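Before anything else, here is the set of structures, which you'll find just below.
Shared chain: chain A. Partners: chain B in the first complex, chain C in the second.
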Partner chain A sequence: MEALVPLHVRQARRRKGFILLATGFFILVQIVWIGLPILMAVLWSFVSAKHSWSYPDLFPKVLGLDPWRYVFKYTNIKRALVTSYSIAPFAVALSFLLSLPTSYVLGRKNFPGKKFFNIVVLLPIIMPGMVVALSLSRVFQAVRLSQTFVGLVVAHTLMGLPYMIRVLSTSFQTIPQDVIDAAENLGASTFVKIRDIYLPMVLPGLLAGMIFAFTTSIEEFNLTFVIGTPTFETIPTILYSFMGYNFIRTNASVVALVMMVPNIVLLFLVERFLKADYLSASLGKM
Partner chain B sequence: MKRDGTTRLHYLMLVPGVGVILFFIATTVIVTVARSFGLFSITGTSAFTLKHWAVIAMKETRDSVLYSLKMGVLASIGTVLVAFPVALFFRKGGSGKRMLGSLIKIPLFVPALVAAFLIVNLISYHGVVNEVLIGLHLIKAPLRMLNDPFGWGVVFIQVWKNLPFVLLILSASLAGIHDDVVDAARNLGAGRWAVALRIYVPLAMSGILVSMILMFIKAFGDFPIYGVAGPIYPPSISYRMHATATIFQQWDQAAVLGVIIIVTALFVVWAYSRLAEFVGGTE
Partner chain C sequence: MRRAVLIVLVCLTAAGLAFGTGQKGDTGSTLDFQKAKWDQIVAQAKKEGQVVFYAWYFADFFTEAAAAFEQKYGIKATVVMGDNNANTNKAVAEKDLPVGTIDCMIMGGQNVKTGMDLGLFYGPIKGIIPDADKLAPSLWVVQEGVQVKGYLAPFHRNQTGLVYDPDRVKEPLPQTFAELTAWIEAHPKEFGFCDPSKGGSGQSFVHTVIKELCGGLDKYSGDTEVVQSKVANWNLAWEWVQKHKDQLTITASNNDTYGRVNGGELTLAVAWDDGIKDLINKGNMFPRAKMYIPKMGFAGGGDTMGVLKNSSRKAAALLWIAHITSKEMQERKFTMVNAYPARTDITIPNVMLTEKDRANAIAWFPAPYKAFMIAEFTKNVLMK
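And then the complex of A and B:
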């Protein structure tokens, strides 16, 4: 019977089977790869202080809110949260304002040296963070920006700028010149052009850029650690202090979750805007 | 005449973005280089000297540089090796892949330190990985993967954290490959492996190179992940630089280490751009 089924049908079946198998395997790997680390952190964050979770036990004996209570009561996490989430909006706004004219020029105009400037934009990513942090800390000390809120905003802006400029200039670049020409022919003023062409077409890229700048600021460690501590603690620096010599797994789990959950929620909210893969479009070329 | 005017305007509009970056990065480079020669010293006297460069002759410095180079190379190769098949898998859309697609992007939004912590939970001495391996009778005693002398723990964390980042870049270059080319190869009798190695890899080479270069620089300059999961000795070069400056207050020697890091990063970027020209021709 089997031989009566034409070859191409059998091949198609075999291929379908292969794809199904691959997908199933992949889902399994994904659950272990992403799910397991997060699950472990969640479990650890609920391990009660009185009943430890140690080697032979597969699961914690008693679950409780102890670590959460401890971290929010006795550590600076609340202040760190406030600091982190107040620096980020300023850094995003500032990097947006700074990058707007630059992105427009890089995206839509031609001039000598454009390639060079496109690489210069990436320098904050290329330069190793600790080198930038240590030398900037000396400069910041000289101009009295060290250990200040403004100093941290400036530092975070610098780290967010490459993503913002690259993503924005890519979106400016994708606007077809025909549309602009047509609007001009029909007598559109600069204001109308901005409102009806530039803004709607750049908006998704702008949102993507803001998200990248925002997450960059939330997770920035090197500069914050050197310029901000001990006056300012952000969530990453507080987590680092939990991971060093006095490593307390339960407390670190709480901080890790506090730091991670808003970001993941943000990811699922903005999935739509990341669909176009702005990051790859903007960083894929050097 | 008009052209000159508009060009000048364009350069002016570059100032807020590129200017700010150039200002800060140039300051960084100048301050670091000058200090490594004993100039710009805030405490003590400033005079040109080469004596701080003696640190490069120290065994500790050499060990740190070698360790960081090793991490950069292994992390960049490892991430691309893992990410490339995944990118191929995602190239064709299909049922359930959208959900998987957002699931796999999660580490991109998990800060590096948190990623380090998450993985530390798994690979610690009595962590899940060791217990499972023992349960399956694959190993007799738990493996030391955290703070191991070689640094495999750090490599693993780098791969986990940066997989989605590399995946995005690779997906973009794979998306640019026409199906016709693949179909033609298939028609001519190329198997799955031949298509992957002879069509996808060469055509996605620019994306592969970019992701390797970015990964190398990230892993080479790493500070926090080393601090959490790295070997006890040697420290990563960034870690040594930070300790030299802030704990031992040897800012000049730290600057020398900084120069080493900058020069290595720039050299790698330069080598990449030459390689990209060689591979991709003139673009």
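And then the complex of A and C:
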């Protein structure tokens, strides 16, 4: 019977089967890799203080709001939330502005030592976070940026810059030169080229860089703790107090969820605006 | 172009060197705390008006203690909950500044040597704090093998021992090293201790193994550095661990041990009594968990609090320490978090380890040997 089915139909069926299998496998991996840990965090955050979740129980026997009450009563989590989400947008904006010229040069120009500079821009994320924090705190103390909001924004920008530069330089690299040449031939000024060609085409890369820089800022602990506390507390400084030497899983789960949920919502919002239209169009793909 | 770049680099380097010198700041009171009366210190503390305290556990107790402190003295107490290592790193980062941001902090056993070696603390304060003689006397002198010379005030005592699930570990419990070895061999992978470089409970276990297999602890007493002839036979301890490596579970931290006990993977493990009790109180450990100190002995100690040398509010910090170590606060600490007080004039029920249990507690050998032990364990056990 199989032999009666045309070859192209059999091939199409196999392709469809393969796609279904791959999709199913991907969904399963996502459930195990991401879904299960989130489910565990949610369950742990509702474990009652009076009824532990222990062996041999597969699920907590009694749920309660004790961990949530504890975290909101005995930590400055509300203030930390406001601080975290105040610093991050400024850090992202500053990362973008500072990275733009560097990523343009790294993406579109060739010069001696280019490979070396590509590595140098990654230094803030290669070096251990506490080493960066201890060194930077000395400088910030001297220029009176320690314990200040501006100081924290600058510190967070430092950690977001590597991601922004690398992503944007890749985006700049992919812009076809003939589009630039065509614009110049038609008399476009530098400002018009930046506004109508460069920026729209690097937009997907910019958004990706923004996501990296934003999440880096939200998750930054070492710099915030050394330079910012006691004046400023962020979500990670509270989270680490429950995850470090004194690990309280229930409380840590609460703080992790408080940190995670707004980030997930933001990611979905940004995803709606991620468009590859301009770049695809310029390459004749649309 | 090259000259311009060179000039910019030279200027940046010079600026960096200049910035490294730090900035001036108000260094605080000129009162000589070693000679002042306590009333003078309290008055000065009220003038200072604020104290910043760094801790990493008992957020609930310290938050309430801060509220009580503010109500009693009118001094704002800011409690920052960080992490043991992060707090110490921050204090170290600020140590050369004329004025730091930390006035007072908890010093745990893991970092007390660092703190004392770097001279982070003002002191001695033993002669200043009221009722100092009622706080764990040994901790004023030595904390986990480190001479603290009265610079750090005991506020909390803790002890390592063996935590077990009484539903799965039946009497008689192993008391001697031979009995424990037999138990481990009979229950492969059910006994656990943490990597000594990551937690004090693991250090305590290895410390006991060395005591049992390498000729006791008395020979190290008073040494200020490692005497090679005294550690020449420590290979016996590493060989024992290697021989039983497939039957032992070496965990990543104190907390990893506790998590595995709670999860049922381990039924007998080395733990800190205060850690276990705190987890039980917060629903992170089954309430039936019990602890004991076997006759072979396990080490313990406690945590202390110190005033940072570059604090500009030393009087307020001293008053804060006096507040935390007061009878009222020590009893409240026990009520809230079931943690053993540092005060010896308080009778308390319902602890993981009673005073009778603590009769089997042993003292740590000197700190240089502890550091050497951790390095040798890593080299001879973990890396093999």
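Going forward, the second predicted complex is superposed on the first by the 205 of 286 C-alpha atoms of A that agree within 3 Å, B and C clash if a C-alpha of one lies under 4 Å from a C-alpha of the other, contacts with A are read in each partner's own complex, and residues count from 1 in each chain.
One rule holds in what follows: contacts are C-beta pairs under 8 Å (C-beta built on N, C-alpha and C of every residue); 3 or more make two chains touch, one makes a residue touch a chain.
Just so it is clear, the structure is predicted and the values come from calculations on it, not from any experiment.
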Check the residue A:Met130 against both partner chains and state whether it touches chain B (first), chain C (second), both, or neither.
both
One more residue to check, A:Asn222. First (chain B), second (chain C), both or neither?
both
Once chain A of both complexes is superposed, is A:Ala91 in touch with chain B (first), chain C (second), both, or neither?
neither
Quick one: classify A:Ala208 as touching chain B (first), chain C (second), both or neither.
neither
Counting only touches as set out at the top, which of chain B and chain C does A:Ile77 meet: first, second, both, neither?
neither
Can A:Val139 be said to touch chain B (first), chain C (second), both, or neither?
both
Please indicate which partner A:Glu233 is in contact with in the superposed arrangement: first for chain B, second for chain C, both, or neither.
second
Comparing chain B against chain C, which has contacts with more of the residues in chain A?
B
Based on the superposed arrangement, let me know which partner A:Asp66 touches: chain B (first), chain C (second), both, or neither?
second
Per the contact definition in the header, classify A:Ile197: touching chain B only (first), chain C only (second), both, or neither.
neither
Could you tell me which stretches of chain A are touched by chain B in one complex and by chain C in the other?
54-55, 130, 134, 138-139, 141-142, 221-222, 226, 240, 244, 249
Once bound in the complex, which stretches of chain A touch chain B?
19, 22-23, 26-27, 30, 33-34, 36-38, 40-41, 44, 54-55, 97-106, 109, 111-112, 117, 120-121, 123-132, 134-136, 138-139, 141-142, 157-158, 161-162, 165, 215, 218-219, 221-222, 226, 235-236, 239-240, 243-244, 249, 252-253, 256, 259-260, 263-264, 266-268, 271, 274, 277, 279-281, 283-286
Complex contact set, residues of chain A against chain C:
47-56, 66-67, 70, 73-75, 130, 133-134, 137-139, 141-144, 146-147, 221-222, 225-226, 229-231, 233, 237-238, 240-241, 244-251
Sort out for me which residues of chain C touch chain A in the complex.
16, 18-23, 52, 54, 56-57, 59-60, 63, 78, 80-86, 89-90, 92-94, 97, 101-102, 108, 110, 165, 253-255, 258-259, 262-265, 275, 278-287
Would you tell me which residues of chain B are touching chain A in their complex?
7, 10-11, 13-18, 20-22, 24-25, 27-28, 31-32, 35, 42, 86, 89, 94-97, 100, 102-114, 116-119, 121-122, 126, 128, 160, 165, 168-169, 171-173, 206-207, 210, 213-214, 217, 220-221, 223-224, 227-228, 238-239, 241-242, 245-246, 251, 254-255, 258, 261-262, 265-266, 269, 272-273, 276
